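Here the chain labels run A, B, C, D and E in written order, and each chain numbers its own residues starting at 1.
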Amino acid sequence: MSSSTRKNILRIRDAVKNFGGLVAVSKLSFDLAEHEVLGLIGPNGSGKTTMMNMISGVSKLSSGRIYLNGEDISGSSSHLIARKGVARTYQLVRMLPTLSVLENVAAGGAFGFSRRWGSDLEEYSRTLLKRVGLAEMENTAVDALTYIDQKRLELARALASDPKILLLDEWLAGLNLTELEIGISLIKELRKEGRTIIIVEHVMDAIRSLCDRCVVMNSGMKIAEGTPSEVLADAEVIRAYLGDSGA
Amino acid sequence: MLKSKFRKLLIPALAIGAILMANPAASETIKIGAVAPKTGPLAGGSTVTHWPSIQLWVNQVNAQGGLKLKSGPAKIELIEYDDRTNPGETIKAVQRLATQDKVDFIIAPYGTGFNLATAPIFAKYGYPQITTTAITDKIPELTKRYPNIFFTLGDTTAFTKSVAEILSKMRDDGTIGNRVAMVNVADAFGIELANAARPIFKSAGFEIVYDKSYPLGTQDLSPVVKGAKASNPDAFVAWSYPPDTFGLTALAKIENLNVKAFYTAVATAFPAYQAKFQSAAEGVLGAGGVNPDTPEMMAFIKAHNEVTGKAPDYWASPVVYASLQVLQQAIEGVGNKDRAAVSAFLKENSFDTVIGPIKFNNQNNEAFWTVGQWQNGKFYGVSSTGRPGAKPVKAKSGW
Amino acid sequence: MLEIKNLSVFYGRHRAAEDLSITVSQGEIVVILGANGAGKSTFLRAIAGITPYARGGFVSIEGNDISHLPPHEIVEAGIAFVPEGRGIFSDLTVKENLALGANPLRARKKQSENLKRVLKLFPKLAERKGQIVRTMSGGEQQMVAIGRAIMSSPYILMLDEPSLGLSPLLCKEVFQNLMKVREAGLGILLVEQNAKQSLAIADRAYLLENSRIIKEDLASILVDDPAVQKAYLGGNGDETGFKEKLV
Amino acid sequence: MTKREKRSIIPVFLIFASAALIPLVDTGYWLSISISVVMYTVLATSWTLFSGPTHYISLATAAFFGIGMYTVAGGLELLPFPFLVFLAGIIGAILAAVIGLATLRLSGVYFVIFTLGLAEFIRQIFTWVQTTMGTSSGLYVLTDITESIIFWELLALAMLVFGLGWWIGRSRLGFALRIIGNDEIVAAHCGINTARAKIVLFIVSGSIASVTGALLSPRWTYVEPGIAFSPMISFQVVIMALLGGTHRLWGPLLGVIPFTLLWDVISTFFPNQTTLLLGISFLLIVYLIPNGIVGLVEKIYSNWISGNREQFN
Amino acid sequence: MDIVVIGLLLGGTYALIAIGLQLQYGVARIMNLANGELLVAGSFGAFWFFSSAQLSPLLSLFIVTPLAFVFNWLIYQYLIRPLVRRAKNRGQLEVDSILATFGLSFIFVGLMTAIFGGEYFSYSYLEQPFNLLNQSYGLNRIAAFLVSVVFCVALYIWINRTQTGLTLRAVAVAPESAGLVGINVPNTLALAFALGGAVTAAGGASLSMFLTFDASVGVIFTMKALIIVIMGGVRAINGVIISAFILGFVETAVATLIDPGLTLAAAYLLFIFILLFKPQGLFGGHAS
């Protein structure tokens, strides 16, 4: 499958983000096609999370444009972007601790891209819980969930609005290898469904096995773009990211 | 079963009752309620002028055996509540006194707003309400509405008129010119007095060269005093409240605001004022005043010192005490606890009090002291609406 | 030598750590491996005096009983702890952070000596003395955290997941730094997800599962242990790439 | 409506109905107390509608309350009373909207003190306006409205507040607020317009406080800024709500009733130490009932349930 | 020029009112609603020494301040620490401390009323003009200002230049981490709280030279202190000092140039504006 034949659902043009004097993202441009899984990789502090935050509306662009389905969303607030079909997870898991597990999922489905309410929402949330493997947990207190289960729950919440684009920000970080396998297979299923996903990740194997394409960032700039095997073989990427004796 | 048990209890109860009845000292009591702040923003005033007078009066009446009713003397049982300067609490406490404690009489609360907030309750249950710390210009309207309310302290217009008169007198004597600096606290009656004063001062031929208000709770009044001084006045008039009365005087002293007529309103008559400023207080004009040289007043001051351990002020303390004397004479005049009769008696008769005779005309005492002045360590009334014994006003000669 | 005997932690009825006993000598790196929720962090926090543990538990350093002491006395006794999230003062400067590290009475005399040691280990920190730590990158913050810990002149340094959220390159740097710290004569107790890299630098390792120690041995032996490989280094079979590719 | 809700409708109705009978039984002291209880119930419950889920502690209640009082006091000679009450609600809502928009960026203690400062600012402005334009420090509210009528009005308002609270609780808006209370960023990414949800609730709660002030204005007869805008009102509402418990609609009620009664007992029996004893009882409650009265009730209830279960097992 | 001097004097007053709360809230994280009552207690202390022993308030400071320190230390250890220990999170502690100190403020008012009575208190000390640039100012105000300056400078140096000050700041920004560098966190919190109380009481003692006070007046000071501390940004002591002086200048300027009736309105307006544009206060760092 070549991405060029498909419709570009998200287009990023010359995105710039300054924090005071610090340039976190500098003139970054890339596209995301429908049904594509894109990996956004790069060393720590290279601006990946900042980019995710700009797409999801947490931080405003200093300059540049982001188009979702051709519509300029660069200045929009998070909730509007969410309603237009962008859902995300977070580097550090963010739970809604006073809500039940079921309600945590429902939270994602009540206000977002495709909205549900009442018994419809409840049923749909249950389906999602089952999918991520939390069917038995629906009334458990959120604090009592294990780390991987919290990750699962967060994924279910992000899926609850049937988003057009799913942003996974280091969703696999902190998992041990057994858990990692579960995690990867979950994302693989999403990929099979034809979801459009951007993944920020350090776990290279996940990148290799999940992504159609990768954008590599360093110091806020794009230094490479291509299939995972292409970019991971790129000399500059190896130097900047993996270290001389890396991979 | 129940009946026999009841009987068993009843007999000793009756016996005890009989013993109590036979004891003349405990023959009858008269319950009197009082509500005023002991804490909260207005507590500073009420603990100087309100509560001690009540304490003194109850103490004196009971020492004499109680109020003289037709059925014999009745000792006063005082029920007091702290309203924490919260009108909701005042309302509740007066309700409680009327319907739960079922007191025979209620002493009017402290402060204009609080008296007005509770007036409907006094009216509803037919309690006479002899106000002592309510100053308002709506007296005719309020007395029409509430048939048992009585005003003793006077109205704002009279207070301002008197100040204008005193100033006119000083001007006519050549003591001062006609430049007046006027400031007022932006709360309660300060505003009313200032508003009443403006036209009166003008029609008396005075020029108001400085006219500002300041909020209650201002920590620094220097700009006010400096501004007043800069306007180069002949007289300084402040419609002020206790903390600022102290503050303004202290600053006037520091700034050397040398006017021949220096007037601050509430708290000028407080003993603490004299205690703080000592000789500098000499010649300061203030609201209220009394004739402290009458035997009645001298006795009152002495008793106040003995019973409460502190000195009374020279304005509201005797007025509160006088209102209680009025109440006492009305109850004793009627001879029982019939509140309607007492109210009627209040409207018809004249009463001898520590501040002289009080007679209500349309529920309003029209003879009251309006301006006083510190002279030789005492606060003499120098102007009144029909009280004899006013001292001639003196010029203030520096600090 | 740090010695821990029979340490158990309860959260209500739930056991977060059960009868854990380990030792760490100066000049050695000991790693505790375990899945998320196995109780690793709880264990370190208990030793550091942050989380209270059951009576019976015994902790000593250099022969001094330090069981159940408050955190500041444990530092005073010679254990420095770098928690997950680093535990630095992000609103203060690098210099102030290091000065605070030297706060224990024992460390004050050796303050300048330790400072030299830290700056030699992390020359970058010398350049950034006046910088507010919050504005530094993740890797640099990790340096501040380790530097701050060394400033307290400890016998034993404990670290909770120092590699979390760091890119592979930075991760490697951190582990190399730890080896340098060991060379300086300190003992290191490490809790890690990153089994491969931590076993590579460790002398000994403990395996924690369901709040219990199920295995302890030399790191070099455990690397080849099939059970360890399965649980922490990736299974065999279809995910063949995992073991060697996990950086 | 869930089964549980259906079951609770009758007792709730009965409680309100029997409360409505109070003025027929006693128009004196108990009515006075009841007015205090209902007044603070309305204020604390409406405060909780906003602050419970969002955890924003507002000290602006006095501002809304005072504005309601002044609307009635100022307009009584021009407009009929019911219209003024309605107007007070509108003015309160507008003020709340403005405050809401202004405070979007504030969080935690900054919001708390901001609202306090704002309430004081409004009070100062009112004082100043009265000084420079008015003729007296206070305004007279002389009407024929009796305490019984005020009580019924407040009770009706309380019913409205509870009804509203119940409706919000099961609406999307209520769910949105619970999410916001947990994590605002997650809420925004779920598609919730967090600013709008918060402002809507703040408007509801501010408007109700204004209406409460408007209804009570005839009872106080004389309205002046120092009394109408007293910061003690704001503090008392917060304290009662927090002590009752803010994560249940009926939580504040459980704070208001025992508190009004306790305060009353203290002020009745210890007139000279009222303030001191209030403080002491206050401290005792904070230390002995850490999770508010709702927390206590729920703990007892869950103990009872589990106790029963153990019996059967 | 006059405005500048008066503003400076008033700013000094405000600094005295607010610094104590900054230490208690900014470092010890206790939003002390009884702060104003503590200030009034300091005033009563000075008044009592002055009227019973003719002791100058400037000297009684040396008695009042340490007494207040001990008293506040005890309050922290016995009343606040149980709350700190049981609080599951920051928010819980905030709510609990608001409730507890609110109760405490009632207790203080009750105690002071019981001991001293409810009336107004005021005494004359250094109530003489002091000439400066052809204008006269109260000598007592100048004295209070100097006390304020001494406190501000001493605290500023102590906090920013000494190791103990550094530990105080460390506890303020990250109490969890502070334990890890060997700081006795509970004691440091108690120290900050007690020190804040001592400074507040000392402020009360100094202010009593020219302010008339009564047992119930504390709440006015509490509100002012809250506003100043929040305006400055709770974390930094220099923020609080600067915002106290800004407030002093603005109030004086408005009172002199526009209308004294708008003084407080202007103060609150300033506060509102600052928060609108700097939601974390003038010197507020990141909320962590």
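Details
Keep this in mind: contacts are C-beta pairs under 8 Å (C-beta built on N, C-alpha and C of every residue); 3 or more make two chains touch, one makes a residue touch a chain.
On a predicted model such as this, the values are computed, not experimentally measured, just so you know.
Any chain touching subunit D that also touches subunit E appears here: B.
Each chain gets a centre from the mean of its Cα atoms; the one farthest from the centre of subunit C is B. Judged by contacting C-beta pairs, the busier of the interfaces C-E and B-D is B-D. Distance from the subunit C centre to the subunit D centre is 51 Å, each centre being the mean of its Cα atoms.
Note on chain placement: the centre of subunit A and the centre of subunit C lie 30 Å apart, centres being C-alpha means. One finds 36 Å separating the Cα centroids of subunit B and subunit E. Centre-to-centre spacing of subunit A and subunit B amounts to 75 Å, using the average Cα coordinate of each chain.
Under the contact definition stated at the top, the residues of subunit E that touch 2 or more other chains are 109-110, 113, 259, 261, 264-265. Touching of two or more other chains is recorded for residues 38-39, 41, 186, 213, 215 of subunit B. The set of subunit D residues touching two or more other chains comprises 124, 127-128, 131-132, 272, 274-275. Pairwise chain contacts in this structure: A-C, A-D, B-D, B-E, C-E, D-E.
Subunit E makes touch with subunit B in their complex at residues 2-3, 6, 9-10, 13-14, 109-110, 113, 117-124, 127-129, 135-139, 141, 210-217, 220, 224, 251-252, 255-256, 259-261, 263-265. Within the complex formed with subunit A, the residues of subunit D that make contact are 172, 175-176, 178-179, 181-183, 185-194, 247. Interface residues of subunit A facing subunit C in the complex, by the touch rule stated above, are 22, 42-46, 91, 146-148, 170, 173-181, 202-205, 208, 240-243, 246-247.
By the touch criterion stated above, subunit E contacts subunit C in their complex at residues 163, 166-167, 169-170, 173-174, 176-186, 235, 285-286, 288.
Subunit D meets subunit B in the complex at residues 26, 28-33, 36, 39, 124, 127-128, 130-132, 134-138, 140, 142, 219-227, 230, 232, 264, 267-268, 271-272, 274-275.
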